[in-house]
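Two complexes, one shared chain (chain A), two partners (chain B, chain C).
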Partner chain A sequence: MLLAQLLISGIQTGLLYALTAAGFALIFGATRIFHFAHGAAYALAGYGFVFAVRAGWSWPLAALLATVLAVGFGLFMDAFVYRPIQRHTGSFFTVFVAAFGVVIVVQSGIEIGFGRAFVAVTSPLTRASAVLPGLYLARAFWIALAAAGVLFGALGLFLARTRTGIALRALAENPDLLRAYGLSARRLSALAFALGSALAVPGAVLGAATTGLSPSVASHVMLVSLAASVVGGIGSLRGAAAGGLVLGIAENLVVSVLDTQWSEAAGFVVLFAFILFRPRGIFGAALAR
Partner chain B sequence: MTAYLLNLAQLAAIFGLLAASLNVLVGYGGIFSVAHAVFFGFGAYAGAQIALNVTPDVLLVSAAGGLVAGVLSLALALPALRVRGEYFVVASLGLQMVATTAFTEAEPVTGGLGGLVGIPPPQLLGFSLASPWAFLAVCLAALFGGLAVMRLLMRGSFGRSLMALRDSESAAEAFGKNVALLKTLAVALGCTIAGVAGGLFALQMAFVNVESFTLDQSVLVLAMVIVGGTGTLAGPLVGTLLLLLLPAALSFLPGIPPTEIGAVQQAIYGLAMALLMIFRPAGLAGRAQGKR
Partner chain C sequence: MIERRMLLRAGLGAAAGGLALGRARAEAEPYVLGTLFPMAGPNAEYGTIFTEGAQLALTHLAADKLLSRQVVLKAEDSQGTPQGGAVGMSKLVNVDHALYVLIGFTGVSKAAAPIGTRAKVVMVNGGGVGPDLAGLSPYYWNVIPLASAEVSRIAPYLVAKGWKRVALIYMDDPFGNGLRKSMQTDLPKAGGEIAGLFAITPAEQQFSALAAKVRDAKPDVVYFASYGAQQAQIIKQLRDNGIDQQLVTYSGALIPSVRSLPQAEGLIFTVQTAPWSATDPVTRRFLADWQATHKELPSVYHQNYYNAVRLFGLLAHGLEQQGKPVDGDSLRAELLRVRRFALVGGEGTFDDLGDLSVPIDIETLKGGQPVKLD
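What follows is the complex of A and B.
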């Protein structure tokens, strides 16, 4: 029963990781920018939500504020950090260092504003009820499941059926041809950043309402989305989602064998193994070495 | 006050050596490691164990640190041979996270969160180095010795091949360079020197614990190299001085509560990293319009 319980909580964590990682993959797929600061969008959304709830806002309004913060951050990074850098060098390391710098700024800003300790909003969502003897399910699980189902379904439809969605996929495949067809690569990349950052919101809001947030969540989420994308295959949305699910489950299942301190490291052992033995991931196409 | 300044100077020399060793990987080899604190840590733990159980002789301690870090650098060389670019950064991030957990959990060797305490004052061939001036001299000697070795190697055939590799791996391969060997040697060299710095660090602090070898530390060292300028000899030193003096300078500024100094300092160097990358990617000591 313990195993089933761990599996359930693994799926809950994994679904939220999957959404966040899919946001990262969407941005990378469309713009070829390794958005290392994706975790900062998550942190901003989560802390914005906590702030709003504490100020007495209703939950939907607070979630809206979280979305606005995440999307605004994504657009800011695109317009004021990545684009100026790509104008002169475009070396990936320059992009990485700049994004990492922004993560540090966000993280220490949160530390100054909210302190180093965990913050959370109290909610009835974590109250678990027994579905089977010894097996407990909290309402947060169903919300995570519903959010992941709805958002992945909507995203899939959007990318497959709408003109804008098809243009986004075209941007990933051939930006020059896209420009030749008279579409604006700049506007599409801004859209990718907005959508991708918004995908971090459900994880952030549910994280704030269940496990709580700490300032280091920005780097933790960044690592998780990177790891999920690599495990799944970089740039593949489906891969990132699968990778996120695998990581979430691995983190929780490892608790049945080892101490809880190892749960984060377990994800990275999986990641390390993938990089050594199958760098292109589960769904990845051929890798440019 | 003098004691404080001496302490700062010793740390500056040690971190200067550490930053210079990372520069071999990042600046000359194009191997963008964010796991350098891991090898600093291996060196510090190995050095601390030697100092506690055998002798606190500086030469032996730093040799042990360098040896352990150099051998274990294979853990970083393996992914460096398999992948590059973003993938390697991610791999080294993963290594850093796993190593932090391992440092915390391997209590018999590392003392866990409590760390290793009571490292005896350093000696050199039987002479005591308990005086801060003497130990500062040793640290400076290690710094300049390390810099001389790196300068020699980077000016020679090894360094030039390495830089060719950094600029274009396929071109270097076409010229008959042994890419795998060059990368492995560059990683081993950088990590060995980081291990030596770690050994000195253990003696300097007389106490080591996992807090000094986390991702934050790796990023700080990386920031030192980048702020100063990658691929130059002076760059890492300039960066080290700036980033080490920053918290000291901040503590003299009025208006910042002492509990927030850490966070304010982090925010400043994060901002500095981002702004430098946008406006001057070659770093302060680098060429303004470098080729890359």
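What follows is the complex of A and C.
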């Protein structure tokens, strides 16, 4: 039963990783911008949610505020950080350093606003109860499952079936051609940042309720998102989803055979294995050299 | 010839004037105290608390005009890591020329102590509790009871309560391993047994798998030894994942993020005896001024770092009265000469290692407030 319990925990953790990593993958896939500050969108959404719940707002309203904060942050980064850098033919390194700086600013802002302590939202939804002898499940598991299912389904449809979605996918390939078709690369880039940042919200909300948040959460989230994106295939949305799930399950299942401290390391062992043996990830396209 | 004499006289006069000016400048130079606390990251909460205690003591030192020179505080962020500790200590010693450093955290202390010892800089710990911190260096003093003393206190209590099988979750670092060794020694002695050992790392944030493993070990009680924000995450996630056994820990849990956590209600922990009912003037003044500003009781960490700074004031005052220089060696000699000091909590006595002996209570959290059990 321990194995089943660890698998359930792994799926729940993996779903949250998947949603967050998918946001990063969507932005990177469409704009080719290494949005290292994606973790900061998660942190802002999480803290916004906690702030609203503590202020007595209902959960849906609090989640709405979290979404506004995350999307606003994504749009801000696109318009005021990345675009000016790109105007001056900014290198990957410049973009990375700028994003890293923003993460530190956001972390410091959270520390000033909320203090440096751990924060969490207490809810009966996260309290697990025995469904079978030795197998515990919280309602948060079903919420994570439903949120991931609905969001990935909707996003998949949007990207595959709508003109804007197809244009978004084409943005990374040939922005000049998009312009020739009368589409604005700038608007599409903003849309990618808005959607990608919004995808961090379910993970942030559930994270605030299950694991809790600390001001430095952004770096951890970004590390996981990046690892999931590499495992799944850089730039691939379904790859990031699969990568997140694989990492979450690996982190939990490894505990059945190794000491608990190896949990997080297991995710990165998976990452190294992919880098060595399948560098294009689960769903990434092979690059011709 | 006359001109030469005049020149010589003028030269000597200028040299003497320069010397006097230099001495006056040296006398006017403040005493530099350093702090090496985690000021960012998941353990930053401790840095804030530790600094608050030290700052109140500095205010009192200045108000009392105890010393002939001003005392200034230079802060370095240890990040709660050995690397941060080594870098921060080097800067405090070599750049800021601190002669007395307030320090916390076991790993940080063990990394910083050799640097401080080489420079003969006194280091005073009021927050780290790793058992290895006793006698770390002649210049390293503790004003907090170490975890070995806390474990010795709690082990018989757990067994007496009928909680004989203890699941131990511990940080895989010098602090956690020291505490694990103490538990592995003291618990069997008291008649209990370790039901399972579960090592964790400082960066870990997901504990659902850990909860599954702990449940599988079927313990009577769960003892965890972590620090900072992670403690609250452990408590919340253990409870959320169906661990209903009594949770027990050490004094590190006395931080706001744990106290305010609903799931921490009923948490049992050991902590140095809080002296808030003491009637001595030092404790009364500390308490009154603290409450005037913060509108609540201080924590023992506030007390410890207040005491650490106050101890510097008393030692340096004694040295100044004797006309001796204030440096690492003289501070240590003065500590061992005097031994007993009026500190918050009453008169404190230091042993040969430079450690303050402090009694330990067993307490529980009720409505976020510590309540004495034993």
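What we mean here is this: the second predicted complex is superposed on the first by the 285 of 289 C-alpha atoms of A that agree within 3 Å, B and C clash if a C-alpha of one lies under 4 Å from a C-alpha of the other, contacts with A are read in each partner's own complex, and residues count from 1 in each chain.
The rule is short, and it goes like this: a contact is a pair of C-beta atoms (placed from the backbone, for glycine too) under 8 Å apart; a residue touches a chain by one contact, two chains touch by 3 or more.
All values reported here derive from a predicted model rather than from experimental measurement.
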{"item": "Fit-or-clash call for chain B and chain C when the two complexes are aligned on chain A", "value": "clash"}
{"item": "Partner chain in contact with A:Leu276 - chain B first, chain C second, else both or neither", "value": "first"}
{"item": "Which superposed partner A:Thr210 touches (first chain B, second chain C, both, neither)", "value": "second"}
{"item": "Touched partner set for A:Ser9, first chain B, second chain C, both or neither", "value": "second"}
{"item": "Which of chain B and chain C A:Val102 touches, first, second, both or neither", "value": "first"}
{"item": "Chain B versus chain C as contact partner of A:Ala185, first or second or both or neither", "value": "neither"}
{"item": "Partner chain in contact with A:Val68 - chain B first, chain C second, else both or neither", "value": "neither"}
{"item": "Contacts of A:Ala170 with chain B and chain C, given as first, second, both or neither", "value": "neither"}
{"item": "Partner chain in contact with A:Ser91 - chain B first, chain C second, else both or neither", "value": "first"}
{"item": "Chain B versus chain C as contact partner of A:Ala79, first or second or both or neither", "value": "neither"}
{"item": "Residues of chain A at both interfaces, chain B in one complex, chain C in the other", "value": "107, 111, 259, 261, 264"}
{"item": "Residue ranges of chain B touching chain A (in the complex, touch as defined)", "value": "26, 32, 78-79, 82-87, 89-91, 93-95, 97-98, 101-102, 104-105, 215, 219, 222-223, 226, 260, 262-264, 266-267, 269-275, 277-278, 281, 292"}
{"item": "Contact footprint of chain A on chain C as seen in their complex", "value": "40-42, 44-45, 47-48, 172, 198-201, 203-210, 212-213, 215-216, 229-230, 232-233, 236-237, 239-242, 255-257, 260-263"}
{"item": "Of chain A, residues touching chain C in the complex", "value": "2, 5-6, 9-10, 12-13, 107, 111, 115-120, 122, 126-130, 134, 136, 138, 210-212, 214-217, 220, 251-252, 255, 259-261, 263-264"}
{"item": "Parts of chain A lying in touch with chain B, wherever the complex brings them together", "value": "34, 81, 84-85, 88-89, 91-105, 107-109, 111-112, 219, 223, 226-227, 230, 234, 259, 261-262, 264-265, 268-269, 271-272, 275-276, 279, 287, 289"}
